[in-house]
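Both complexes shown next keep chain A, but they swap its partner, so chain B is in the first and chain C is in the second.
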Partner chain A sequence: MTFPSTSSADAVIAVTGLSRCFGSKLALDEVSLFVPRGSVFGLVGENGAGKTTLIKHILGLLKAESGSVRVFGKNPVADPVGVLSHVGYLSEHRDLPAWMRVDQLLCYTRAFYPGWDPHYAEQLREQFGLDPAARVKTLSQGQQAKAGLLIALAFRPELLLLDEPSSGLDPVVRRDILEAIIRTVADEGRTVLFSSHLLDEVERVSDQLAMIHHGRLVLCGRLDEIKESHRRLVLRFDSPQTALPSMKQALSIRGSGREWTVLCNGERNALCASLQQLGARVVDEQIPSLDEIFVAHAGRKAGEAESSTALS
Partner chain B sequence: MRSPALAIAWEIWHRNRMGGVASLAVIGTAGLINWLVRGNSRWAGLAEVTGYVLLVLALFFTFGGFHFTEGRRKGGFGSFPFRLFNMPVATSWLVAFPMLYGSVAVLTIYLAGAWLIFVPLGKALPMVWPCLYLICAFTQFQMIIWSFPESRYLKLLCLSLAAAVIALGWMFFLPHIIEGTLSELGYTGSPALFKRYLFIGLALTGPAAFGISLYRVHQQRHGVTLGLRHFDLGREWISRRFLPRSRPFRSGTQAIFWQEWRQTGSILPIGVAAILAMTFVPTYLSGPLTPRATLGVLSWIFLSPLLLAVIIGRGFSKPDFWNQELNMTPFNAIRPLTSGQWVTAKLKVAAGSVLLTWGLVLYVSFVWTTWAGDFEELDRLFQQLMFHYSAQERWLLPVLAIFAVLILTWRFMVNGLAVGLSGRKRWYQFSNLLTGLVWVTLFAGVIWRSDHSDHNLHLYDVWQWIIWLPLALAGAVIAKSTLAAWAWYQVDQRQMLSRHSIYTYFGFWVLATGLLVGLVVLAFPHTVWLRNLLILLSMTVVPLARPGMAMLTLAKNRSGS
Partner chain C sequence: MQINISAKEGAPIYQQIVNQVKYLVASGRLATGEEIPPIRALAEQLTINPNTVARAYLELERAGVVTKRHGAGTYVSESGSPLARRERVRILTRRIDALLAEAINMGIELDEIVDLLRERHAPLQTRSGK
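Moving on to the complex of A and B:
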C-alpha cells in the first residue's frame, strides 16, 4: 500500500518495499515509509505486528531481504558506524549490561559518541533519580528504562528511536518527562521515531503516524490528516434493522435496532449515498479518536484475513 | 500431561531429543561395527580407543542436556527455572524429578556403552563403582549449578574444583592405583578398607546433593539469597580499588576493551590460580616432594593454562561469555564501531588474559619450587640441555619456549571466534563437538599408550602415516593463506578495520611465526625431516585467517543475517 508522504529527499529514514520473513511467518510485507526530519513519528500496531522488526531494520540489526532501508541516506548494514553515530536507541528489552554500575554505564556509553553532553547526562540522571553507584541488575524495570533512555538521549542524537519507551514507566514519568523530552528533541530540529501500544500517548506527542498490521502498513501520514480523513457517523433508520450489509467504504459498523454507528475513511460521500439508499439518516458526525481508528483498521484487516482464509 | 513428573520429563526430552537419539545411535553404530570386526586384533586397539572417546562424549552431552537450568535476565547464568516456582508442586519434587531423570540418563548411556561397544571387544567394563561414580558426579554438578544463582564466579569456581576432583577421582578405584600409589602417598591402611570408604562416600553423595539442592532451591523459591554480602563487598572493593572508571575513555575501542576485560579477562587467570592453589597448597603442606613428583607437579601446572584455555576459549568465542545466546545484544550491536574493532578488542583481551595467566604461573611456580620442590630432575634436564646446546641456545630456547606456550594459549582462546561470533548455534555446537572429539581422542590415545607402554613404538611402525603429514600440513598452510587473503580483502573492502591495523596484525603474524620457526630450528638442528615438519606446523599455529573471518561473521551476526 502506498501513502502520500514526504519525499525521500527530505527523509531521515527512507524505507522502500521492505519485506522480511522469519521462517514461514511474514513479519514485514512491502513496507514503504519516509520519516521527515524534525518530526515525531509514532509507530503503532498490535503485538507481533512488525514494529520492532521495522526498527531493527532501521538500526541495521536486521538486513533487508527485499527492498531497501536508508538512514541519513546511508545503508545501516553496510555503514553501521556512519548511521549509528547519529542514532540514539532505547530497546524494548532494556538489555543493559547487568553488571555495570550506573556511572560506569554512562562512562562506557560516552566513549562511543563524541557529541556526548556530560551536563545534560547529569541533569537527566538527577531528573530520573538514578543512583550512580547502583548496579544495573539492582534497578527496577522502570529505572532500567530510565537508564536506557538517558544513554540514548545524552549525546543529543539526530535520530531518536524508542521501542515501546513507556513500557515499565509510571504514568507520571511517562506523561511529564518522556513526552516533554520527545517534544524538546523535536523542537531542536531532531527526529524521533517511537513505537507504542498507548494510542493516547501517540496522539498527544506525535505529528506523523504509521500503523502496522500483520506486517503491512495500513495507515501512514500526518496525524491531523489521518484524523481529518476519518469520520464516525451515527445513523438512524425508520425501522429496526437486524444487520447492515457490508459496505466497502465502512471500516466498522456497530449498533442494533434503529441506531447504528459507522466509521469510514475518506470516501464519506460515497458512503452517505449508499446509506441513503438503505433508508438511513446521518444524525451525528464526529472525528473519531486514534484508538477507534486503530481498532477499526485492525478489525477490518482481521475480518479480511478471516474471510480470505475461509475462501481458500 | 497428567502429572508434573511427566511434564518435566517431557520438557527435558523435548529440549534434548535430537542429541539423545544421536548419542544412542552413535553408541549403537559403534557397537555394531565392533560386533562386525570382533576377533580382528588389528582393529581392536583402535576400536577400544574410539569406544572410550564416544562414551565420554555421550556422557558429556548427557551432563549438558540434563542440567535443567535457565538463564535469567538480571545477571547470572543458568539457575533453577524460576517459572516452576509458580506451579503448585512441592519443591522436593521439583528438585527430585530432574535429578532422577538425569541420573537415569547418565546410567543408561554408560550401560549402553559398556554393553554395546565393549562387550563385542571382549572387554567387561566394571559396573558398580562407575554407576555410583557417575550418579555422584551428576548430582554434584546439578547441586552446584542450582545452588549459586547469586554469583557466577563462585559457581564457576565450584564447578572447576568439582570437575578437577571428578576427573582425577575415578583413578582411585583402579586396583593398581589403590595398591601402588596409595602407599606412595603415605596411606598405610588396607586397600580393601580404602575402597569400602570410597563406596560409602559415593553412596552418601547422592542424598547429600539432593538435600543441599532442596535447601537452596527452597530458599530461592522464597526469595532468600545466599549471604554473599561480604563476598560482594570484597568484589566491589577490588573493582573500585583496581579497576576504577572515574575518567572517561579515550575512545570507543578502549571502552569495549574495558567491557570485554571486565567480563572475560579474569576468567583464565582465576581458573589457573584455583588450580595453582589446589596443587601447591597440599603439596606444600605435605612436606618436600621427591624429584619426580616435583617434575610431575610442574608439568601439570604448565599444562593447565593450555587445557583451561581450550575450555574457556569456547565461551570466550561467543559475543557474551555468560550468555547462552549467540546473538549480539542490541546494546552492543548499536554502538558505532565496526565489527573489526570488536574482534580486535577480543583479541587484545585474550592476549592480556594469557600474559597475566602465564606471569602468575611462572612466578608462583618459581616461588613454590624454591620452597617445596626438589631440583634433582630439573638439574638433570638442564645437564642434557648443556650437553646438546651452546650457551646462547641454552638461554634462547627457554625464552622462545615460553613465547610458544603464550602463543599457543592465546590461539586456544581465540580459536573459535569466527564460529562463536557468527551467531549460528548449529555451527557453534558442531565446532564444540569437534574440539571435544579431538581432545578426548588425544587423552584416550595417551591413556591407551600408557596402558600399553610395554609395547615399544618404533618410528617405522608409523612411518607410512608420517610421510603424508608434510603434504597435509602444506595443504593446510595453502588453504589458510588463501582463506586469509580472501577474508582480509573483504575486511579491507568493507572498511571494518584500517589498513594500518591490518598491516600491524600481519606484521605480528610474521614475527610470531618467525619466532616459532626459530624455536624449531634451534631445538632440532640435526633431525631434518622432523625440523621441516615442525616448521610447517609452526606456520599453522598463529591465527591468520580466523580473525578476518571472525570480523566477517560478526558483521553478519550484527545484521541478523
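Moving on to the complex of A and C:
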C-alpha cells in the first residue's frame, strides 16, 4: 500500500513492503513508509499493533522477511555500525544496566560513540537533575527515563528513535521528553521517530504521522493533511431514525433519534450526496480530533479499511 | 503572548495559533509594531513542533497580520488595521449569530432584539462620551 503524500526522496528511513510473521500471527503486513529528514514522525497504534516490531526492524534487531528497510540508505542488518552510530534509541523498557552509577553509565556509553559530546552530556545531566553517584537501580521510573534519554541524545544522533518514551511517566517527565524532542529538531534539523498511544502528545510534536492497526498502515502522511482530510458531520433528520444504512465513505456512524454524527475521510462531497438522499441535513461540520480519527479507523474491521486509506 | 493549544479541538494546531494571534491583534491585546516570540521560543513554551509554529507565522505573514524583519524577529504589522477590522467584524458576527439563534429559539422577534440592543447601548454611549 502506498501513500501519495510521502516520497523516498531525502528519506532518513525508507521502509518498503515490509511483512513479518511471528508463528501464524502476521505482525506487519506490507508496510511502506518514508521518514523525511528534519521531521518528527509519530507512530501510533494500539498495544500489539506492530509499532515495536517496526522499530526493531529499523534498528536492525529483526531482519526483514519480505520487503526492505533502509536507514540513511543503508541496510541496518548488514551494516549495523554504519546505521546505529547515528541513531539514538530509547526503548520502552529503558533497559539500562542497573548496577552502574550514573557517571559510570555515561562513561560506558561514551566509549561506543565517537561523536559523544561530554559538555552536552553534562548539561543534560544537570538539566535532568541526575545525581552522578546514584545507582541506576535506585533511580525512579522518571529518572531512569531521563537517564535513557540522556545517553540517546548526548552523541547528537542524526536520528532519534523513541519507543513509547512517555509510557507510565508523570506529566513533568513527559514534558521533559517532549521538550528534548522539540530541541532536537529545532537545534539541528535532526529527525525523530517516536511511537506513542498518547495522541495529544503526538499531535503536539509530530509533523508526520503513521497509524498502524493489526500490522497494517491505515493512515500515513503529513499530520495537518490527515487532519484536514477528515470531517465530522452532525446530521439532523426530520423524523427519528433507528439506524443509518452503512455508507462506504463513512468511517463511523453514531447517534440516535434525529441527530447523528458521521466521520468521513476525504470523500465529503460523495458522502453528503448520499446523506441528502436519506433526507439528512448537515447542521455542523468540523475537523475531528486525532483521537476521534484514530478510534474511527481502529473501530473498522480489517477488510473495510482498504477502501478508505488513501488521503484525498 | 498567551496562546492555548487544545488537542481536543479539531482544528490543526497551526490553525489554532493563527486564529488566536488574529484574535489578539483584533482585540488590541497585541499592539501594532509589537514583537511576537521567536519560533523556537513559542515552540518550547507550548511544547509543540517548531515547524508548526513556522507554518502559523507564515500564514500570518501572508495574511498581512505580521511582518518579518530580516534577522530581527517578527512584528505585528503597522498596516494590520484593515484585516483587524475584518477580523473584528468576523468575531462579532459569530456572537450575533449565536444571539440570533438563541432569540429565535425563545420566540423573540427581530424588532424586539433591535430595541433591546438600543436600550442596552444607550447607557454605554453616554459613558464613553464623557
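Convention: the second predicted complex is superposed on the first by the 289 of 312 C-alpha atoms of A that agree within 3 Å, B and C clash if a C-alpha of one lies under 4 Å from a C-alpha of the other, contacts with A are read in each partner's own complex, and residues count from 1 in each chain.
Everything below uses one rule, namely that a contact is a pair of C-beta atoms (placed from the backbone, for glycine too) under 8 Å apart; a residue touches a chain by one contact, two chains touch by 3 or more.
Values in this document were obtained by computation on a predicted structure and should not be read as measured data.
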item	value
Chain B versus chain C as contact partner of A:Glu203, first or second or both or neither	second
Partner chain in contact with A:Trp99 - chain B first, chain C second, else both or neither	first
Contacts of A:Asp291 with chain B and chain C, given as first, second, both or neither	second
Chain B versus chain C as contact partner of A:Leu178, first or second or both or neither	second
Which superposed partner A:Lys227 touches (first chain B, second chain C, both, neither)	second
Touching both chain C and chain B, counted on chain A across the two superposed complexes	none
Residue numbers on chain B that touch chain A, as the complex places them	73-75, 245-246, 248-252, 254-255, 258-259, 262-263, 329-331, 333-338, 494, 558-561
Chain B-touching residues of chain A, taken from the complex the two chains share	56, 59-63, 77-78, 80-85, 87, 89, 91, 93, 95-99, 103-104, 107-108, 110-113, 137
Of chain C, residues touching chain A in the complex	5, 7-14, 39-40, 43-44, 46-52, 55
For the chain A and chain C complex, residues of the former touching the latter	39-40, 175, 178-179, 182-183, 185-186, 199-200, 203-207, 223-224, 227-228, 232, 286-292
